[in-house]
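These notes open a run of structures that come right after.
Across the two complexes that follow, chain A remains constant while its partner is chain B and subsequently chain C.
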Partner chain A sequence: MAEKITHSICVGGPIAIHTVDGVIRRIRPVVLDNNDPKGWTIKARGEEFTPTRKLQPGFIAMTEKNRAYSYDRIRYPMIREDFVETPDGQNRNTEMRGKSGYRRASWDEALDLIVREIKRIQGMYGKESVTAMTSSHHSWGNVGYKLSTFARFFRMLGYTEVKDNPDSWEGFTWGGPHTYGYYWRLGGTEAFDLLEDALQNVETMIMWSHDPDTTRGGYAGNESTMWRHWLNDLGVQFIYIDPFNNFSSVKQADKWLAPRPGTDAALCEAIAYVWLTEGTYDKEYIAKHGHRFDEWCDFILGNGADRLAKTPKWCEAETGIPAADIKAMARRWASTKTMGGSGMRGGFGGVCRTANGTEFARTMMLLFAMQGMGKPGQNVWSGSTGAPMDYDFWFGGYSDPLAQIANEPIADKTAVNSVTQKLYRTNLPEAILNGHYEWYGEGFCGGGIDLEFTEHIYPEPGCSKVHMFWRYGGTFMGTMLDTNKWVKMYQSSELEFVVNQDIHFHGEARFADVVLPACTNLERYDIGELCNSGNGGYQSHSQTGNSWQIVVFQDKAIEPLWESRSDYWIFAETAKRLGWGEEFTEGRTELDWCKRFWEKSDLCDRISWEDFTKKGYYIVPVPEDRIRRPGFCWFAEGYACDTPNHKPFQEEGKLGTFTGKFEFVSESLLYWAPHDEARTPIASYKRSWEGHHSIKARKYPFHLISPHPRFDYHTQHNSSTPWFWEIPENREYINGNPYLVARVHPEKAAEKGIKDGDIIELFNERGSVLCVARVTYRVEVNTIHAYGSSGVYNPVVPGEMSQDIGGCVNVLTPGRLMGDMVPGMAPNSTLMDVRKHEDCLPLGQMFEYKLDKVARG
Partner chain B sequence: MANTIMIQHMFKKDGFYKAPDGKVYKIVVSEIWNLRAFEIQNGKMTGPMVKIHPESDLAKSLVEVE
Partner chain C sequence: MRLGIAVDSRMCMACYCCFMACKDEHCGHDSALSAAQPMMGQKWIDVREWERGDSSRRVKTASVPTLCAHCKDPACMKAAKDGAVYKREGGVVIIDPEKSKGQKQIADACPIGVVYWNEELEIPQKCTMCAELLEDPEYLSYLGDRSLVKPRCVEACPNKALIFGDLDDPNSEISKLIASEKNTPLPGLEDEKTLVKWLNVPTVYLAGTVYQPKELDEVLPGAVVKLTCRETGETWQTESNYFGDWEVEWLPKNKNIEIVIEAKGYKPVTYSAFTDADHYVDMTYLAKA
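Moving on, here comes the complex of A and B:
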């Protein structure tokens, strides 16, 4: 009974894994030992603050054992039982995808079939006829991550790339750069050293559509939770603005304001109105750093084209927030040192995923500008990033081209995709079903504002349409919009062949012709740094969301379970069958690739490979004599930018807008999109195309909000981690099925005859979902709250656009993008109705039997 | 106060620079704290990541090449 302790990182944070006789027995946080460096110290208001000597993963990380041994692990390769390998790709019973069962196959049979189909389809139509797409996130680790192994294989193969949309921060990506630049951070702001600034100076925190204990700083686990407690202890007041009195708010808020969903930009305008009429904004700062401020003032004060003054009373009618509360908040904000933001990293909250999310992002940024953004205690900072770190240490994150096995210097030879045709993730079903799709933008437009306006057409002139789809990673049925359009797409004969490569048998895997079982990152080697999404990639230095900077050797804790294999093995074996296996691997094993990351980064200067792999992690010390350079301070004080990840023009003291200033009227929008009604040059509140002013609201009077989930990480936990189903705030077992909780205001519940614990049906013209009612004053009266991206898609009739009982509320969300020229998704602009479900509950839909039922022997 | 080293004006990210000893470096990180490069041999990035202090003799001697 020898116990082995290994380490890993998952999307919930770093973990230590205790294994006995090849079985995982225990998962626990990483506790630092005496040989690890001491933590940073911040002196503020007569006190000293330093992190505890234990990493603080989110609770989802503590369930990795349950997830690894999950009931729904895909155990062996499977082939759809009524799939027919016809020579022309036709008559393959594609309409049965999602309905049919599977037969067990050997790896050889499955991979040989895949290779035959790749050769047939690419030979018949061209290389671009194959497409492949990853989930929003995949298992942590620089070798296995989607931009690494997956990208290497498909670029070498040649395929139609599917461009990601910035699904977590749409409004900030498509709005922020036009107001304050930072396109290279995809609209997100810089938070360098702002924890220290906040501890020393801030008096009020505005947490706008922000639930940091739930969203956990992205990948940082609960590393920042203690910081917000420190602020509480210092007497800082917290104002939470959210239609849902979220889990952070209920424990911390001094005041909770609940706007009607999608009206937050109106609240911004009314706050500005109070400041303008009372003269309580930073006039000197605006005179120096604002562009066309007077025109915006005219608009706010009722002297603009609409002749409408954006008074608190007007705002009360729009948002439902009493005018007195709006004035009180505006006055507190103006009279105290105030920091805040929307969602983790300042710009991720659910409000930016509404029809006018860009306008909220822009007007919120302008409010912070009006109070002197960058001055001590005045900044966009939302309490979950900005810790001290050693910026002089370099280890790549997953989005960093230098830290991917697809590229040099990790690989000897960079893999280059020979296909230029592209697709866009949110509208992949429309493209496949209609055979044509046009859109603007590059998805992630970090290279320049102009990239938001590039025009794309599918199919690209001279190119073939797509006929093969290789789906990789967790399900999109729960995370993308209007789920049922994905059902239609999968059942289309346009897709002659579909592969799904995943760890768990999520709802989407069942739409494939061939299912390949991948293993978790506890069953293979990898290497990664906590919360490093890329030093040089988008939103670089995101490790400032951690108290500790830690690089982990993700040792193999156990052998791959059942017949699952690592993603690297699957792609390497496929490449071998295609005749370029040696080029793909360059002769390296996964462990060899891990070592490449060590030797091509600063890690090799700090610790030997042997010591690193033996200890399992390396803590990067923060220099005691570190120089403080708070984000935006350079701009406020007018000296050359001295924060990391900046652009040359910032060294001239400018922002990344056309004028280098905060643009109250956007010159970039005037240049590229002067007539766009969704995102006007003058930042302003617009009524939602699916909101309370819509005609549709007469039939569907409730707003659905489905923010980032608390009990899973996109696709990764709720479906595959039954431990979470025991949490009453997450799910409740009724008749054997764990129904997702949906929160309803007591007033509306009474009108509908709904009691707490009832099964309720959320529905609109796009579909219906059964949930369990939680009747609570924690939601705005017109709002239904149910966490989105549950990863659980469980239709009553598989393969049909039928009622869902897994809690996949995205069957209700609109597929419509924010605007014709704004390719962001807006799931929080969903109208629906609710009723008590009084029919018989579906039987035989319990998750435990889902996989066994379709896999035949 | 501001650091007066304008690294991004001195070195273009992804640019190639030649040292007096004939070695050619590709700049892969150009930030206020970080100037990093890989030596280029036969068109490929080789060896470990090279950390160049922006005020070092090496930095001052580098000449941009196509």
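Moving on, here comes the complex of A and C:
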């Protein structure tokens, strides 16, 4: 029995897939052979550093076989058993969504029903009455990606687009551009060639709300972990700042500082206070590159409007960190070459998802400016990007408009949406339930600062409300806020028809009227580059988070399992039934589209289609005589910007702010939002609308932080891969249910009578969640840590807003946006209380509830 | 040639790649040397972790991937009847899935708890060091280089925490690593020669922070911290760093340690600590002399 080896990329990294007789046997990392090119070499401090000749996927990638054959795969098209296809869309038992079982349907029956409903609803109310929403990174690959196949279908259909909020880097999108520009990088900085700079020069790393071994460079797996070992071994000091002594910190930190959640901006201010009073900042740099610095100094030193000096002692009271430690930290930073940042690309991290997220992002950037950001060894760089790469090689990433089948040149004709009305993801439930919603912003706002202030009203004047919702991709029950409002939305009769197209029967799929089984990307053709979110799209050149640049032919390893089909097939079939199938496909199969990506990129100059598909991947060599273009150095040194993905004004040495400088008083905010209290022209720490100063804190004294998960990717793995439940730091499988770990400080655990391993109830006025307690010194004393993005959503009474036992702690998070004009979410500003769960445990529902007998066939 | 695995605890970040690769290989699949691992319940490579420290001022974790050590003189083999456990050429210890049926004592005999009892099949099961893959000429033949073939856990490790190679070749990567790093056999295996070697598994640390008098809100770098164990006569010395922090790792377990903290111009402070576990001794506020 010969094994067939094919390759793919998943959100955990690239993999080699072994199949035997059409069945996947094993999933392995891609090991380079002797014909693959040499890796890059960095010379630093008398040593040479080069990556291991193997790609380094995360552990989630090793479970793709298991996830493909998972018990909770959606196997057949299904229709809600009490759904009634009434001619007027009323009386459809919508209140039963989430509770009712399903009956198996044929593809013809399901698709014909969908097409009848699209025609009925769009005919009755207008094209805009259909809306559709994707999850992020459903499956890797440029053909299947949401901005490709999904976008092509819905733009051709005409629909109300749901704009995404920048859910992983909120504070940086809404804050960064007003302080130092980079709106086109969504508030994040540029990290080009900074790994080499760091290995050669850095002495101190500030890892602020950053857990690189957990966030894994976004989609880079463990490609960068060895770099941080190298830095460690060179004696570089790592200071981690996080209310949770996270999984990177606990292994690597020379110092862990644990601020009370959401008070990090106060810590920034106190560090500035030390530098200002001791004169230990780069005065020349600030004189040249800072705008209205003196006014900011006045504010920090206590001569501003609030007459409050931001002293370390004041900061100690806010953050809980001893004043002496704050001073020591400030002095270390000022006296050594220091790099750092928040989150995987310098501008991510859990702090930017607090009520104070913009103000933290802005003040942190100002601190790096005060120490001469862009000089050797002094930069925003957080240890998980910035490897050498060949910038002259172009293969499109998923956010590249040029690398989507929705657009030319991949398609012959670009698909254009004829509907202008929009919705906003975080507040979709409010819009549906209230029939009215207003907000500022335009999704990620990468096109310009002004986009942040775009006024939106739903329904748009002259437009209809939405009445059909097509949900595509993984569940949001564990990633969006205040989960129960989504339950209410789904049960509203405003939504006459709901479709869910997903691979697994996760929390959100069970609220649909029709469920369509999509297949994994191991069961269809695709093509993609590891960790390429787009060269020219947003956060360009994220592949510098890899040790190796690799483009993969994502060969079809097996046929679609059960009756699942590829997303492309589903949309093409629906388009055909709507009468424009040929226009949708342009006569191409998925494999034809893959070849278009090869043909329209630099790949076709490097390797023939035949060799590429035979070998399965192409490693992009880094030229030995590569030109170094360290990020932000052009600004510090004053030469014309030479880094990729730059704007014309950077060649004149300017940033993307109004003044082209670091704005200590933001001119763009003075212009657009001078009276906004959440995000003031002078970036400053503000008491959270849900924090320890709130009245509510007397009743709910704990902060809940729910960072991006270590033991999952979005919500994709935990429900489908029971192996994850055997990881003691992740879950504990008790009584038929995998309870999520929630971490409690020993001091508070003792007060509450909680012991390690107890079942505990996390609760506030929004709901309650049962978790299993880990009593640990790794959390700040007032903090409960439980990872967000729970893949399991398991309310005790299905479809009700009842207690959840799946670990979906987003049930507890506030739906409120950061500010009236700051449309970011803030799940890490959550107050709650905790108690030991004394009642008997609810019966486990993992297996019984998930798929009823008919659907399981 | 004796092929073995070095487990470097210092490099392990508990990423669980080894764990998942092992499950991917063995769960639900019989091999030439073993019956299928059940889908849940067995951990042929188990990432054992514990939290180190008794204060949020200093806390770390230890991570020790724990798999069959492939002992030279295996306790499981002694416990087995009818030759149900045997050693292959090179020393890899294998449990015969047929002959071992009903022999629960084989699982119970393992000093480090990595032989698992399969209730359904009534057999003991454990790691094979993927010997069945290593000797299969078809496996990974597409790579064209046999030296790239490794046990699944080692191949999946992104961190050089698992190193595979020839223990008998003094120039192999694994032999050099074993020669240069702290050898820390697991409790129960101290006197055993094994193909799996554990390195840098931590013992106990003591740590603290030195401050100037409390009202000053200042740390005190450069204070000298001396540790003495009267029982063994060992001494250790370190200095407080830029955060005022000091730490001494690799202390012997279950000893009384005397600590003296001194700095010029300040009155010395003494402590005694017991190394039953990792301790954060104190935030020490020195008084002016």
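Everything below uses one rule, namely that the second predicted complex is superposed on the first by the 847 of 857 C-alpha atoms of A that agree within 3 Å, B and C clash if a C-alpha of one lies under 4 Å from a C-alpha of the other, contacts with A are read in each partner's own complex, and residues count from 1 in each chain.
Heads up, the rule we're going with is that contacts are C-beta pairs under 8 Å (C-beta built on N, C-alpha and C of every residue); 3 or more make two chains touch, one makes a residue touch a chain.
Nothing here was measured: the structure is a model prediction, and the numbers come from that model.
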Exercise. After superposition on the shared chain, which partner residues are touched by A:63: those of chain B (first), chain C (second), both, or neither?
Worked result: second
Problem set entry | Touched partner set for A:781, first chain B, second chain C, both or neither | second
Seminar exercise, completed: Of chain B and chain C, the partner touching more residues of chain A is C
Exercise. Touch check for A:604: first (chain B), second (chain C), both, or neither?
Worked result: first
For this session: Give one of first, second, both or neither to describe whether A:644 is in contact with chain B, with chain C, with both, or with none.
Result: first
For this session: Return first, second, both or neither, reflecting whether A:248 touches chain B, chain C, both chains, or no partner chain.
Result: second
Seminar exercise, completed: Residue overlap on chain A between the chain B interface and the chain C interface none
Seminar exercise, completed: Listed in rising order, chain B residues that touch chain A in their complex are 1-4, 6, 8-9, 28-29, 31-34, 36, 38, 44-46, 48-49, 51
Problem set entry | Residues of chain A that touch chain C when the two form their complex | 2-3, 5, 25-29, 31, 33-34, 52, 54, 56-60, 62-63, 65-66, 213, 221-223, 225-226, 229, 245, 247-248, 250-251, 254-256, 258, 312-313, 316, 322-325, 327-329, 331-332, 711, 722-723, 725-729, 733, 745, 776-781
Seminar exercise, completed: Within their complex, chain C touches chain A through residues 11, 13-17, 19-21, 23-25, 27, 29, 39-41, 43, 47, 49, 51, 53-56, 59-61, 63, 138-140, 142-145, 148, 152, 155-156, 158-160, 211-212, 216-219, 241-245
Seminar exercise, completed: In their shared complex, chain B is touched by residues of chain A numbered 391-392, 394, 402, 408-409, 412-413, 535-536, 599-602, 604, 627, 629, 634, 639-648, 651
